[in-house]
């Protein structure tokens, strides 16, 4: 992975084939001292991508083993208490059909280009007892 | 809804289950004095989402009653003359297949995380007599 | 096309029906002296859109002649050595189903609203002999 920060709080990541997306994001969080941020863009390809649909009680997951074109990547990063990376992705298969949802894990395929924006509003996570999810809150 | 503004003109929204997306955006426009802005990111889930395809003469609409994972949300906000919120969304169903288009209305399901960027270029809307649409213009 | 730059390095484009997306982006690169940038948002409709899936050896392409709603547009712009515009798009057909991938070319249909962010990290392209792709690098 290559990573650089702009003068106005954007962090650019370029991942290489086979790198773990979540590990790379955690490395960037550490290296650039990210407290709170949003993932505003991500393109390239992903493989071994585990996506999920939240049924209200839990996630119904699907593993997309084959490489997919990453059409979009959007999400949030919060580090208060524990680090949570909340990502949603749209992924196109060989027939150009798109699947997607909550993105649990994936490996970069060929390459990834990702843009993150640091924000000075503190983001945290608070458990919602009804859903079991750790919901975003703005501190 | 929780909402906060960063020092550099980003507004972060966290919507709770059942809240109306358009009403929340209109409240944010009022509370943060948004003149012109772009919706750069939105994740979470939507229900009762009405999406549309523009045929050239009008919108062909479809109501997605069931909760869908919101893969991406992108759009523009203009307030000159009248307030127009122009949103496009990609929405994944329980089988992880994505549907989308122009987003007319929706309710947040479980939660929504949305990122808006204020811009200092004035955005307005001007009717195009050929299509009947109020098109964006940069003042 | 109408185009304006904000005080903090965002460039807003409004394309009219029939305009060539890549030509308009190249005009904006020239007019606003864009060195390195990211396409963070794009909505509206596209026609004659050529999308691709990278098989590892080359792109498998598909031409979407009919107008499609542009659900999302994300990408990068680098100009060191040569100008490369790397875009991925999600496109919904009349049945609201989304197709997408690498976007080679397209014409705006009805209109396009696009948001670009200039960055002060220099982006270049370097050939990867294994894939034949010109990969992003951060200078």
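Residue numbering begins at 1 within each chain, and the chains themselves are lettered A, B and C in the order written.
Criterion: a contact is a pair of C-beta atoms (placed from the backbone, for glycine too) under 8 Å apart; a residue touches a chain by one contact, two chains touch by 3 or more.
Because the structure is predicted, anything quoted here is derived from the model rather than measured.
Rotation relating chain A to chain B, from a C-alpha superposition: 120°, rounded in steps of 5.
Both copies, chain A and chain C, contribute mostly unmatched positions to the interface they share, with under half of the numbers common to the two.
One simple way to say how far apart two chains are is to compare their mean CA positions; for chain A and chain C this gives 21 Å. Within chain A, contacts with two or more other chains are made by residues 8, 40, 71-72, 90, 97-98.
Listing the residues of chain C that touch chain B in their complex gives 2-8, 10, 12, 14, 40-43, 45, 67, 69-73, 90, 92-94, 96-98, 110-111, 113, 115. Here chain C touches chain A in the complex through residues 8-9, 38-40, 51-56, 60, 62, 71-72, 74-76, 86-90, 97-102, 117, 119-121, 123, 128, 131, 133, 135-138, going by the rule given at the top.
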